[in-house]
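Each of the next two complexes has subunit A plus one more chain, namely subunit B in the first and subunit C in the second.
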Partner chain A sequence: MDYHFHWRPVFQKLPELLQASLTTLEVAVLSMIIGIILGLLLALARMSPIKPLRWFATCWVELARNTPALFQLFFFGFGLGAFGIHFAPYFIVLFGLSFNNAGYLAENFRGGFQAVPDTQLRAARSLGMTIPQAYIRIIIPQVLRIVYHPMTNQMVWAVLMSSLGMMVGFRELSGETQFFASKTFRIFEYFAVTALIYYAIVKIILGAAKLASIRLFRY
Partner chain B sequence: MIEIKGLHKYFGDLHVLKGIDLNVAKGEVLSVIGSSGSGKSTLLYCINGLEEIQKGAVIVDGVDVHAKGTDVNKLRQNLGMVFQQWNSFPHLTALENVALAPQIVKKHSKTDALEIAAKQLKHVGLGDKLNVYPNSLSGGQQQRLAIARALAMEPEYMLFDEATSALDPELVGEVLETMRMLAEEGMTMICVTHEMGFARDVSDRVAYFHQGIMEEIGPPEQIFGEAQSEHTRKFLANVR
Partner chain C sequence: MSNNMSFFSGFQPHDLLFMAEAAGQTLLISVLSISTGTVFGIIFGWMLQSGNWVVRAILGTVLDVFRSVPLLIQLVLFFNFFPIMGWPLEPFAAGTFVLSLYTASLVAQVARGGIEAVGKPMRRAARSLGMSYWQDMRYVVWPIGLRAVFPAWVGVALGVMKDSALVSVLGYVELLRASQILITRTQEPFIILAVAGAFYFVLSYPLSKYSQKLEERWAS
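Entry: the complex of A and B
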C-alpha cells in the first residue's frame, strides 16, 4: 500500500473547520431549544382531551421516531421544494433537527409528566394558582429534571445528526470537511480530524451538562 | 361562613355525596369522621372547587363556589388546604415552597413574599429549616411545611384532609399540635380526621359521614357520649 498520509493541508484548514464546528453547535443548540418547546407542547397535546390535537401529536412523534433522520431533513428540503417552498440549507437542517428532537423529546416528556404525581397539581391549584402557573412553576420544573438525561443524549444526537447537513449542501462541520476533502483528495485525513472534533464537542457537552445538573438540581 | 346546601356529587354513576346540608360558622372547628369511602375528602374538594358538583351549592362568604362567573383562584386563596400526602414541592426549598404562591398568586414583591414565608415557617416551628429541601425533612416537618404554605395566603378557612394519616405514629403529635395551635388562634377549620382524641378535644362540632350521608352532627360530647345514630355508635366502637 503506498498511500502517504498528508496532515499538513488539514491542519492549515483547522481554523475553517473550527469555525464550521461553531455552526454545527449553533444549529444543534437552536434545534434543541425549539425541540424542547415543541416537545413540551406535543407531550401536553398527547395528554389533551381534544382528539385532533392528540392525533396530530401522535403522528409527529411516530414519524420523527420511526423514519430516518435524513428523510426528515429531505422533507424540509426536497419535499417542500416540490411544492415550491424553498428554504436555505441552514433552515432545512434547523427544521429537520427540530422536528426530530421534538418527536423524541415529546415521548420523554410524556413519561416525565406521568411520573409527577397529580396531587402536585391539586396542591398548586389549592393555593390559587392558575393551570398555567401550576404547570410552569410546579410541574414542568420537575419534569425537566426527570428528562434531563434523555435530553442531554438528544443534544448529543442533534450534534451528530447535524452532519447530515452535508447531504443538503449545508457547510457545517461535515459539509466543510467534505468540501475541503474533495478539493485536496486527503479524504481520510480530513474526516479523521473532523471525527476527533466531533468527539471533543460531545465530551464537552456531556461535561457541561454534568456541571449544570449539579448547579440546577440541588434537591 | 361556609354554607353547603343540598350537595350531591357523582363520579360517573357512583353517587358519592347524597344531599349534604351543613353550615360552618367563622371561628368554628368542625371535625369530619367516617369510614373509608364515605365521601369526606370529596366534600373538601367540593368546598374549594377542586371537584365539580352535580346538584346543590357551596357558598363561601356569600360567593357561590360553583357558579359560572366565580373566580375560583381568588376564592381558594381564602380556603387553605392540607392534604394527606403532604405534597411539598420537591424542587423548592422550604422557604420557596411557602413564598411562591404569595408571590405569583397574591402578587406580593419577592422580598415581602419571603418575609411572609419565613414568618409562617417560624410559626409552625420550622424556623431553622428555611433553606432546606423537602426531601431532607421528616414527614411531620413536611406536613407542617404544607400548613405554613397554606397559611402564607392568609386564608380565613383551613381544610385538612387526614393531615396525619400518612405519618409515622411518632410524628403525628407535632402536626396535631400545630393544628391545635391554629384552632386556639381562632382559625375556622374543617378537619377530616381519624384522630378521635383531636376530634373530641379540639373541635366545636363533630360530623359523622356514612356512605355519602351526613349521618349525625353535634358537639363532641354528643357524638362520643350519646350518639343518636346506630351507625355512629358502631363506627366509634370499632375505631376505639
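Entry: the complex of A and C
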C-alpha cells in the first residue's frame, strides 16, 4: 500500500463541512414539514369520496413510492425545464424531497387514520365536542402515536436522501464534500469524515425523537 | 439555412432500445446485489438473534453504520477505498459490492424480526418433539418467520432496486445514467425522464402491489 492518508486538509475544512451539514438539516427539516402537510392532505384525499381527488392522490403516492428519489430530483431539476420551469439547486432538492416525503407519509397517515375506530369520533361528538375539537383532542393524538415511529424513520431518510443534492449541484454536506474533495483529490478522507458526520446527525435525530416521544406519550 | 441546423438530434426509436438495455443493467445489478445481500443478511440476522453479546454488539454497530450513512457516500467511499488497498474495482463490481452490503444491513433487521416473530413456546415445543436445532430452524422457524416478514423483505428489495440508480455516480450506465446521456444529446429532458420513470414504475409497482396483497391475505 503506497497511499498516504492526508487528514489535515479535511480538518482545515471542518468548519465549512459543519456549516454545510446545517444546510442539510435545514433542507431535510423543511422538506419534512412540507411533506407532513402534503402527506396529511394526500391521506385525506385518498379516503375522500370525490373520485378525481382520490385518483390524483393515488397517482402522487404511487409515483413517489415506485420511482427512485434521484429520479424525482432529476425530474424537478431537468424534466420541468422542458416547460421553461427552472429551479435553483436548493429548491430542486427541497421540492424533490418534499414530493417523496409526502408520498411515503401519506400511506403512513392513511394507515394511522384507519387504525383509529370510527366509534372514537362518534363518542367524542356525543360528549358534545365539535368536529375540530374531536379531531384535535381525540383522533390526532391517537394517530400521532401510530405514525410517530414511521415519521422518525422518514426524517432519517430525508437526511440521507438530501445527499443526492450532490448530483444536482446543491452544496449541502455531500455537495460541499464533493467540491472540496475534487479540489484536493483527498476523496477518501473527505468522504470518510462526511460519513461520520452523517452518522452523528442520524444518531442525534433518533435520540431527540426518543426523548420527545417520552415527553409526548406520557399517558 | 442556419435556422435548420442543430447540434442536437431528437429522441428516436432506437434510443428506446438503448434505454431498455440500460433498464436491463439496472435489473442485473439489482438482482445480483439483492440476492447476495439477502443471503448475507439472513446469516447476519441469525447472528444478531442468537449470537453472544460480543457478536451482537460488533455486528449490530457495523450494520447500523451502513443504514445510517447515505448510500451515495458509501459508494464514493468504497470506490475510492479499493484502489488504496491495491485492488481497483470497476464501477459495476464496486457498485454491486456496496449495494450488497447495504442490502445485507437492511435484510439483517428483517431476518432478525422474522426469527423473533416465532414464539419461544413454539420453538421449545419443536425441540421437545425431538427436533435438532437445525431441524427446528428449517421446519418451524423458516416457514413461520418467512410469512411474517416476506412483505418487509419485498419492501427492502424494491428499495434497493430504486437505490441502484445511485451507482450512476461511479459511471456505471444504468437506466438513470442512460437517460442523462440521452438528455445531453437530445435536449428533451421531459420525455426521456418520463420514459425512465415508466421503466422504474413497471419494475417496482407490480411487485409492491403483489406483496401488499400477500400481506392482506396473510393478516386475515
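Operating definition for what follows: the second predicted complex is superposed on the first by the 210 of 219 C-alpha atoms of A that agree within 3 Å, B and C clash if a C-alpha of one lies under 4 Å from a C-alpha of the other, contacts with A are read in each partner's own complex, and residues count from 1 in each chain.
Quick note on the criterion: a contact is a pair of C-beta atoms (placed from the backbone, for glycine too) under 8 Å apart; a residue touches a chain by one contact, two chains touch by 3 or more.
In this text the structure is predicted, and so the values were computed from the model without any measurement.
Contacts of A:T130 after superposition on the shared chain: subunit B is touched, whereas subunit C is not.
When the two structures are aligned on the shared chain, A:F74 is found in touch with subunit C, with no touch to subunit B. Of the two partner chains, subunit C is the only one touched by A:Y198; subunit B is not. In the superposition on chain A, contact of A:M167 is made with subunit C only, not with subunit B. In the superposition on chain A, A:G111 makes contact with neither subunit B nor subunit C. Taking subunit A as the reference, the larger set of touched residues comes from C, when subunit B and subunit C are compared.
Of the two partner chains placed by superposition, only subunit B is touched by A:Q142; subunit C is not. The contact sets of subunit A with subunit B and with subunit C never meet.
Against subunit B, in their complex, subunit A makes its touches with residues 117, 119-120, 122-130, 133, 137-138, 141-142, 145, 217-219. Contact residues of subunit A toward subunit C in the complex are 1, 3, 62-63, 65-71, 74-75, 78-83, 156, 160-161, 163-164, 166-167, 174, 177, 187-188, 191-192, 194-195, 198-199, 202-203. Across the interface of their complex, subunit A is touched by residues 48, 50, 73-77, 79-81, 83, 85, 87, 89-91, 100-101, 104-106, 133-135, 146, 149-150, 153 of subunit B. Those residues of subunit C that touch subunit A in the shared complex are 65, 68-74, 76-77, 80-81, 83-86, 158, 162-166, 168-169, 176, 179-180, 183, 188-191, 193-194, 196-197, 200-201, 204-205, 208.
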